[in-house]
Structure formats: structure tokens, C-alpha cells
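Next come the structures, one after another.
In the two assemblies presented below, subunit A is common to both, partnered first by subunit B and then by subunit C.
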Partner chain A sequence: MTNRILAIIKKEIKQIRRDKRLLFVLFFFPVFLLIIFGYAVNYDVQNVKLAIMDNDRTATSRKLIRSISSSSYFEIVEYYENDKRGKEILDEGIAKGVMIIPKGLEKDIYSGREKINVQILIDGVDGNSATIIQNYSLAAIYAFNNKLNQEVSQKIGFKITPPIDLKSRFWFNPLLETTIYLIPGLIALILIVTAVVTVSLSLVREKELGTIEQINVSSLSIFELLIGKLTPYVIISFVNAIIILIAGFILFGVIVNGSYVLLFLSTLLFLFASTAIGIFISVISDSQQVAFSLATFVSLLPATLLSGFIFPIESMPEIIQWSTNITPAKYFIVALRSIIIKGTGLQAFWEQWLYMFLFATVFLLLAMIKNQKNLKNL
Partner chain B sequence: MRTILHIIKKEFLQLKRDPKMFAIILIAPVFQLIFLGFAVNMDVEKVPTVVFNQDNSKTSREFLEKFRGNRYFEFVEQVDNYRDLQSHIDNGTASLAIVIPNDFEKKIARNEVADIQAIFDGSDGNKASITAGYLQKIVGDYSINILKDRKGKRGRFITPVGQITPEIRAWYNPELTTRIYMIPGIVGLLLSIITLILTSLAIVKEREIGTLEQIIVTPIKPIQLILGKLIPFAILGFAAVTIVLIAMNLIFGISPRGSILFLFSTTLLYILSTLGLGLLVSTVSKTQQQAMMLAIFVIMLPMTFLSGFAFPIENMPPIIQGITYLIPLRYFMTIMRGIILKGVGFTELWFDVTMLFVIGSTVFTLSILRFKKRID
Partner chain C sequence: MFSIEVKNLRKEFGEFVAVNNISFNVKSGTIFGFLGANGAGKTTAIKMMSGILEPTSGDAVIGGFSITNNPNEVKLIIGYMSQRFSLYNDLSVGENIDFFGGVYGLSGKEIQKRKEWVLEIANLKNQEKVLTGSLPGGIKQRLAIGTAVIHKPSILFLDEPTSGVDPLSRRSFWELIHNLSSEGVTVLVTTHYLEEAEYCDDIILMDAGEIIANGSAKEMKEKYLKNDILEVECSDVIAGLEVLEKQNFVEESSIFGNNIHISVNENLTEKSQIKDLMESTYNIKVKRVEKIVPTLEDVFIHLLEKRKNDK
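Then we have the complex of A and B:
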């Protein structure tokens, strides 16, 4: 039995090796994309473009503007004069926000008025960035209030203390960089796409070219055929995974805090599950076009959008949360983040391992059953 | 013209015979939109929080009461030691731990500064920083209340100068939901994927099966063949967009604020560039497998990540920002969001429309030239 599997593996590897262009795409692009995307994926909002309408034009209003522009969070792009222009600025996307300083700001401040409204209008289209900008502007104005308070109270020899000091500490990622959180997702995505797309074509191509009949009349069992087809791709993807992890370490300083053994075992399980989907698609498709479309819709989109890579699964409605189980990337990402960022052990993700294993088994079984039926129809 | 019509007919006939493909093109996008539309949500809500209340006083309980009914936080457990707190954060059962030290009440009563410790799971930097903003607001409001109490007791001003109260309003999307931003993006993404899948295999398939030679020996000109092949896909792409837009309206209640006519004409411009890209892939590939890998790695993945769909382009380093100018979906994304969410038109979007036209016609011409050369 092992001999026959080995023969299939050999044949498959020969076929892959003959296609130099495919090999190049297979090994070069995953790393290349990781490099570009690794730099592209982040939510670190900085230098928010801000336009200002200063109706007060006093020393104090200028001080407020200076205090806002001196941080690296805001970049003032324009001073404008009337409301119409303000609308234009937001409509055309010249700035992400406009701040309107009311007339009489200085007077109100020094007469001790309790509430002085400074209006800030934010382009809310991108809700996530807008929330962050909102937090920044709140913090900037509170900081200005405090500074002014302290200055004035020092002058009149009166000390005020804030009643509560909030001490925030951020574990695992003290600088709150978003890249380190997103890179595991990127790794999972690139691996699953490579694995599913290459494998999904392997059987269907033989169907389209008619060579499948020759295999069917041979003494090979379906199990042997599938395992033989799957193994070379698991090996290729595994090599890919190693290259990607090394690139991630060198370029983005993604340091693995946990155990390498767990990391590699998780990767292997994940590749096993991904190739199983590929095999299943290959069995149910009649043409490469159908296989390609299915592979894209089953691997690429869910691994991008449903895996928790970009959009947190907790924020999804219940039914959709349940449907996220269609992609093994979901489990792999949890395991990868635990190992790489938190450095936790198997107790944090043993469920993920179990799921990935079940996933692979179910899809392989389905593929075998389906294939058996096809054989009987011949 | 007649020849082109014949090829169009032939392509549709072929498609009709392949019901799986037909279903994938027209039905899958709707399902995708439904699933993905509900999934794309980055709103940070119900952050699982554990509390370690060392003080257990009236004041500390009063402070914690402020979190009740707040949609951003959800208390999962009260812990009474640091070890439990750490295991919650390690295992991901909580993303935030609030620690109130045992002298909290005493210090506030004595007008001293009381500490509150907040420990965040920082691995998701975006979520952590948004959560920190929410927490800051609760603590800030509570502090102001304490100050006001003191002021009331002492009967004089606690602050010598007036306080600026920021009045923040978000335009276009006042609730700051992220879904409304993502759904037009998904429409753009789905359209690109469908047209790409169709065209990238169009020519290479005939070559692999060997029917391309048969076509070449007929008097059909390359340009006729290409138009005949692409027009059906353009029609299908349009059909898919229309279906998806209707679904977007029915399911998510999002309807374009701007001109629908403008939306469809820019869609045509965009389809021009995706069809051109697909055709280019199809003419440079020898096998369908190669074509698919190229389509995915060179076009689809960059489109997903560099178009500003999920990751804002402004946040990227300058070099990567430069690369995004080559991605047609970048412009289409801006246009879709502009028309659907902001209700703006050509005056605001002229740059993106022009770029789309330039890229579309360049790619299209290139692919036709390349195809002609191959045939000769």
C-alpha cells in the first residue's frame, strides 16, 4: 500500500516540477505578498488630516490649535472661513475632520464658563477610523483643559489634583501595534489559498484531460489516491509556511514567544485541513473553472472575512458566528496568535487542534464517499 | 458584428450547459454578500471584562455601577487574586481586567489621587486602543462628578478657568457602524472576483482543450474573438452587480444616496479594467492552473489588501501607498463608497473616475495586443 502511495506522490511531484512557472508563483508570491501586505495591514491611525475654522482668532484659540497640531495624531491641512467650505472639505475627503472654534472662546474660558462647545465634525464613513479619531480629539481637548487649568491655578497659587489616576497597561503588545496581530491572519490566508487552489485542481484536471479513467481502472484504492495526491502539496505548503515565518521574523520582528514545536504541529494540522477542502472541491467539480470558483469562494473570501483575521468573530451575529466554522483558518489564527503573541501553551488552543483535525477528517471522508459514487456511475 | 454575436451566443450556450458555473456566478454573490455583510463588523462592543475589587467599599461599588448598562463592557467574573486574572487574559476569556486597590475609598475621601489599574489584552491593538478610549471616558466622567461633589461641599470653584466640552458629530454615519462602510466594498470585491474568474480562464481553457486552434483557422479576427468572449462576461458582471445592489438594499437597508446612473457607468469603467486584467492573465498563461494562481496572487489578493477595502490606505507606508495607485479597485472602492454613503458625484470623484478610465483602457489595449501577437 505504501509503495503505491509513494508512486502517486512521485508522479505528482514530477508533474509539479515540470511546470516551472507554477513553481515560481507557488514559492515566490506568498513571501512577496507577505512583505507588501505586512506593511499594508494596520489600523495605526496617525496624522489625521484636520481642517479648522477659527471664529475666535485670539491668543487662546491659537494656543488650542497649537496644542492639537503638536501631537503626531493630527495634521492641520487647512484653515477655512465658512460652513460651506467645511462641508466641501468633508465631501471631497480633503480632511477627515473639521474643528469649529466658536466666537468668544477666550472670553468664555477666562470667565470660567463650565461648558464651552467646540464642535468637531468627523467623516464617519469608516466607522473604525472615526472611532479612533473621536478618541484622539477627546483626549487632545481634555489635555488642553488640564494644561490651561494647571497654568492658571499655578499663577493664582491654587493646586488642584485629579481625583482618579487611571493606569492602563497593555499586555503582550504594549505599543498597541496592530501589525503583529494581523500577521498571523495573513500567514493563514496565504497558506490556505495556496493549499486549496493547487489541490482543488489536482483531480479535476485529470478528469478534464480524461486520465482519471486510467487511474480508476488501476488497482489503486481511493484512499491511496487521495493521500498520494495530498502529500506533495502538504509538503510544498509546509516549506512555504517556514519561509513565510522566517520572512515575518526578519521583516516584521514577529517573534515567536511560545513553543516552535506547537507552532509547527499547528501548521501541519492546518495544512492537512486545507488540503482536505481542496480534495473535496476537486472531487465535486467537473471542470477546472468550477473548481477555481469554488476554491476562491470557499478559501479566499472566508479566510479573509470570516476567520477573525480582520473582523472580530465576537462582533458578528450568532448565525454568522456559527458559519465561521467553514474555514479552518479561524482555528489556525487563534492558535497562531496564542503561540506567537501570548506565548501560551496547548491549554489555550487544544480545542482548535481538535477542530482542525475533525475538519480534515470530515472533508476527506466526504470526498471518498462522493468519489466512490462517481466510480459506480462510470 | 454578426461574427461577434455568434461568439457571444456560443459562450452563453456553453455557460447554460454548465449549471454549476451559472449558479456560482449569479447565486453565490448574494450568499456571499449576506454572510460577509453580516460578518464585516469592527464595532468594539461587549468587551469581556473581569474585575478585581480589592477595596470592596461603597465607593468602589458605586464606580463599578457606572459600567452597568454600558454596551461597551460586559463583566464576566469577579476575581480575587492576580493568578486568576492572568489566566483569564492568557486564555482569552477576558480582554480587560480592572483592578481597584484597597485604599480607593480612603484616598478619594481624603482628596488624594486614587489609582485604578486597567490591564488590557493588547494583542489586538486596534480593539485595545478603542476600549481604552471608552474606559478613559467612564473614568473621566466619574472624576468630574467627584470634583463637582467637592465643589458643592466647599462652595467655591474647583477650576479657575472654563472647560471646553468637545461636541463631536460623525457625518454620513452618525452611529459609527463599520458595516455600512464595508458593504459597498464587498460589492466591489465580489464584482472583481467574478469577472476575473470568468475571463482569466477564457482563452487558456480553449488552448488547453485544443479548441483555440480551430478558432484561429476560421476567418474570425482576434478583436472579434475577444469582444465576443468578453461581452457575455461584462453582461454577467452587470447582472451580478444589480442583484447584489438589490440584495444590499433589501437585507441591509443601504441604498445609494447618489446617482444610480453614475454608479452603473463607473461600474462599466471598472469592469473594463478587470476584464482586461483577466484577459491578460489568460493570454500569458499556458495552463488553467497557472492562470488561476496568477489571478489569485497577482490580482485578487493585492486587490483585497491594497484597495483600502479593510485597511485604510492613509495608514500605509509611502512606498506601499504608491503601489496602491496601480490597483483599479482602489478607485472603484472610493467611488462606490462616495456614491452609496456620501451621495457625492463626478465633481468630487473626477480623479478616481479618470484614473479608472486610464488604467482600464491601458490594460485592455495591452491585453488585446498581447493576444494578437500570440495568435500570429
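Then we have the complex of A and C:
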């Protein structure tokens, strides 16, 4: 039995080695995706362009402006004179926000007026960034207020401190870097796409060429055939995972905090589930073209949109949340984030293992049922 | 002693009956021809006999093993080659042999031994490293049959092994089949080249999933063609055919190349009748009227026409 499996593994490796296009896709694809996602997909908002209309022009208003511009969050691109220009700036996208400092700011502050309004108009097209800009400017104003209070109280010989000060620290990803959050999802995405696409193509190719018949008339069992055909791709997937982890470390400083053994086992389970999808697709498609379209559609789309890779599942409507179960990437990402970022043990993600196992079983069963009429014709 | 015994084998695909309860036996060590038009059910039947396809009902005993009860034992003793020469074009000749040897469970040593033999029959000595995709069709076909018998099966199924191969390669391929058969291998081969059927010891003819004739080529000609076949060479084949069709002494007529073949009954007393009739009444010049030995093609056209008329 081992001889026969070995014969298939050897043959498959020779074919892969000779297929330059496939090799390119297999090894270039992960690095390419890593660079694209690592550098382009970034929720960190920095250097937001801001324009300011300073109607007050006093030492205090300049101090306010300085405290805003000194952070790395804002970059002041223009000081303008009238409302008409302010509208222009937002319309043409010269800045993401305009801040209007009212006339008499300094006077009002020192005369103890209750409420002084500084206005900020934010470009709300990209809601996510807009909210972040709002929070940054709130924080900047809050810091300015505090500073001012302290100055004033010192002058009159009083020491006033705010009753509560919130000290927050971010665990697991202290600098809230997007890449650290993205890399586990990226591993899942790349592995599922390469596994589903290559497995289904390699099986359907045999169907297309008719070589599957030749294999079927030999005494090779379906089990031996699948083990032989899948092993090389599982190994390639592991190599891919290692490439991403190394590139992630070199380019973005991502390190694995948890156990490598758990990482290996989780990946193995995930590949089991992904190849099960690949097998199912190869059963229902007759040509490599159909298999390729189906495989990319079925693997790529859910793994990007529904897996929690980029968009958090908790904020989706309930029915969509339910549909996220169609991709094993969802479970794998949870496990990977636990292992890589948090460094936690199996107790944090054993359910994910169970799900992946169930997922694989269900798809293999479906493939078998679909294939039953013509059991040997995969 | 029979190597293949088929009993009421039937295969349905939904409503469609591809193979309709066929039964026949194949003697050990003979070459058995399976003839019929495309879609007659040959491939379906051969796939069932080689264990790729499960029959709807009926059974076949291949080398003593039932395809329904012991499909795995059947697989160990048969070889199979389809019209597609299922080889990997992106593997070299040697790699293809290694792969199929491995799949059939041969050890490395056995594979090496058999490899020499396969290379020899495929005329590929010292060309192990050549990519299979670059080989001409005839050579590929020989390599395919070599890999199909790498495990020395006692029964060999060939499904249209010569389709798409030039006549010269076809001839030498049949020599190869004869060699295998003389070594005791039972060969069952499907083809729609009727002249190839003459190379077979026994033949069955299939149409629409049923066997409509069986026997050796000689037996078939005697059994199914009671009438004489005449070959008529005339100046206008189409007009000649139209005339002859209507005559009461003509049972069947068809065009063979530049000639017309007619099967005639007792209403015809003299060959010269034909020449007189066509030249005087219809002004068609007749060069030659000759009684010929019928080919299998004559037999099959006769059988298929008859079947069509009976329906």
C-alpha cells in the first residue's frame, strides 16, 4: 500500500515541479498577498490633513493649534480666511477636516464663559476614518483643556487634578498595529485558496485527461489515491505558511507567541477541511476551467469577507453571521490569533478544532454522496 | 475454458439503457472483437467488465472473479487501455512507466525489469527521458498498452485503441496484440474499424445496447449473408444506385467507393441482366458486374438495415 501511495506522491511532485506557472503562483502568491495586505490594508489613521481658520489670532489660539499639530495624527495643510474657502477645501479633498476657531476665544476663556465652541467639519465619506478623526480631535481638545486648567490653577496657587484618570493599556497588540491583526488571517486566506484550487485542479485534470480511468482500473483504492494526491499539496501549504510567518517577522516584526506544536496541528486540521472542499469541487466539476472558477469563488470570497479576517463577525447582521460558517477560515483565524498574537493554549480554541473537523467530515460526506452513482469516477 | 463470461449485463443511465442485458463468453487466449457504431454501448460494457462502472443488473465473471462481488480481485488480473491512451504528457516516458508500475503495486526491481520490456515494445529504447507529450500518436499508443500490461495481466481490455492512429501504426499495433494473445493473454477489443475485426478470433456486433450478431468473421459472412453480393462498376454511381434499388432482384444496395454493392436474390438469373437493363433502358454505362466475397462491412450493413426495417 505504501508503495502505491509513494508512486502517486512522486508522480505528483514531478508534475508540480514541471509546471512553472503553478510553481510561480504557489510561491509568489503568498508573498505578494502579504505585501499588499501588510502595507495597503491599514486602519491606522495617521497624518490626517487638516485646514484651520483661526478667527481669534491670539496666543491662546496659537497654543491650541500647536497642541493639535504636534501629534503625528494631524498634519496642517492650510490656514484659510473665509467660509467659502473652507467649503472648497472639503469639496476638493485638500484636507479631511477643517477646524474653525471662533473669534474671541482667548477673551472668553479668561473671562470664564461657560461654553466655547470650536468647530470641526470632517469629511464623512469614509465613516471609519471620520470617526477616528473625531476621536483624535476630541482627545487633542481634552489634553489642551487639561493643560490650560493646570496653568490657571498654578497661577492662583491652587492644585486641581481631575478626579478620575483612565489608564488604558492594550494587551496582545500594544501598539494596535493592523499587520499583527492581519497576518493570521492572511495565512488562512492563502492556505485555503492554494489548497482548494490546487487540490481540485489536480484531481479534475486526471478526469479531463482520462488518466483517472487508468488509475481506477488498477487496484488502487480511493483512499490511497487521495492520500497520495493530497500529501504534496499539504506539504506545499506548510511551506507557504512558514514563508508567510518568516516574511511577517522580517517585514512587520510579527512573532509567534504561542506553541508551534499547536500551530502545526491547527494548520493540519485547517488543511484537512480545505482539501475536503477541494475534493468536493472536483467531484462536481468536469473541466479544469469550471473547477478553477468554482474553487477561487468558494475559497477566496468567504475567506476574505466572512471569516472575520478584515470585518469583525460580531458586527454583522445575524443572518450573515450564521452564513460565516461556510468557511473553515473563520475557525482557523480564531485559533491562529490565539496562538500567534495571544500565545494562549488549546483551552482557548478547542472548539475551533472541533468545528474544522466537523466541517471536513461534512464536505467529504457530501463528496461521497454526490459521487456514489459513479463511485470510482471521482 | 472461458476467461470472460458475461451474463445479462445491463446498465441504465436514468431513462437511457446503454447496455441491454447482454450475454456472451470469451475463450481464454483469444482475441475478441467488440464492434458497433459510436454510442452502441461498447465503452459502457467494457467499463463494467473492467470494474470502473457498476452494472445496474447482471454480472460478469472475469478470470473466475465476479465484477459485482470481487471487483478488487478482477482489477488485479486485468489490464485496460482506453482510446485516450491515458498517459501523463508532462511526465517522461520512464516516469510514466514508473508511475503505472507503482500504482499496480510492483516493487522497484520488478518495475526496472518490466520497463526494459515496455520500452522495447514501444520502440523507445534509450529514450526514457523524452517527454511523453512530444511522442507521435502511434508510439504513444504502444507506450500506453505497454503500461497497461506492466503487471502482466491475463486479460486485457482495449477500448478503441487504434482511433486516431495512422494505418501503418495500426497494423503494427495489431501485431503486438497478436503477440500478447499468443503468450496466452485474452484480449477484448472494441473498434469501429471493420477491417480490424478480421484480425479477431470472434466478434460480436452491438447496436443500441444489444448484441445483434456473433461468431467468427467467416461464420458471420456465411450465417447472415445468404444472398450473393455483386459489385457493379458503372459510369454514374448515383443514378445507377437509384435504378438498382427499384429492381425486384435487389435486396439491399450501397455505394462502396466508385462501385455499387448489391445483394441479389433468386429473381436474378443471369449477371448480364443487369448490364442489359442499365445500358438499354437507362443509358448508364456498365463496365463490370462481378460476384465478390463479402466483407464484414457488407454483413453489418445488411444486419443494421434489416434491424432498422424490422423496427
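Here is the rule we go by: the second predicted complex is superposed on the first by the 339 of 378 C-alpha atoms of A that agree within 3 Å, B and C clash if a C-alpha of one lies under 4 Å from a C-alpha of the other, contacts with A are read in each partner's own complex, and residues count from 1 in each chain.
We adopt the following convention: a contact is a pair of C-beta atoms (placed from the backbone, for glycine too) under 8 Å apart; a residue touches a chain by one contact, two chains touch by 3 or more.
Quantities reported herein were computed from a predicted structural model and do not represent experimental measurements.
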Partner chain in contact with A:Ala195 - subunit B first, subunit C second, else both or neither: neither
Superposition-derived comparison: subunit B or subunit C, residues of subunit A touched: B
Touched partner set for A:Asp19, first subunit B, second subunit C, both or neither: both
Partner chain in contact with A:Ala130 - subunit B first, subunit C second, else both or neither: first
First (subunit B), second (subunit C), both or neither touched by A:Lys342: first
First, second, both or neither for A:Ile109, with subunit B first and subunit C second: first
Subunit B and subunit C contact sites that coincide on subunit A, given as residue numbers: 19
Complex contacts: residues of subunit C adjacent to subunit A: 47, 50-54, 72, 75-76, 78-82, 84, 86-91, 95, 98-107, 147-148, 157
Subunit B residues touching subunit A - in the complex, by the definition given at the top: 18, 20-21, 24-25, 28, 32, 35-36, 38-46, 89-92, 108, 111-130, 132-133, 135-137, 139-140, 142-143, 146-147, 157-181, 186, 189, 193, 197, 201, 205, 208-209, 286-290, 292-294, 296-298, 300-302, 304-306, 310-312, 314-317, 319-320, 323, 334, 337, 341-342, 344, 348
Partner subunit B, residues of subunit A touching it in the complex: 19, 21-22, 25-26, 29-30, 33, 36-37, 39-47, 64, 90-93, 105, 108-132, 134-135, 137-139, 141-142, 144-145, 148-149, 152-153, 156, 158, 160-178, 180-181, 189-190, 193, 197-198, 201, 205, 208, 285-290, 292-297, 300-301, 304-306, 310-312, 314-317, 319-320, 323-324, 334, 337-338, 341-342, 344, 347-348
Subunit C-facing residues of subunit A, complex: 3-4, 6-8, 10-11, 14-15, 18-19, 209-211, 213-220, 374-377
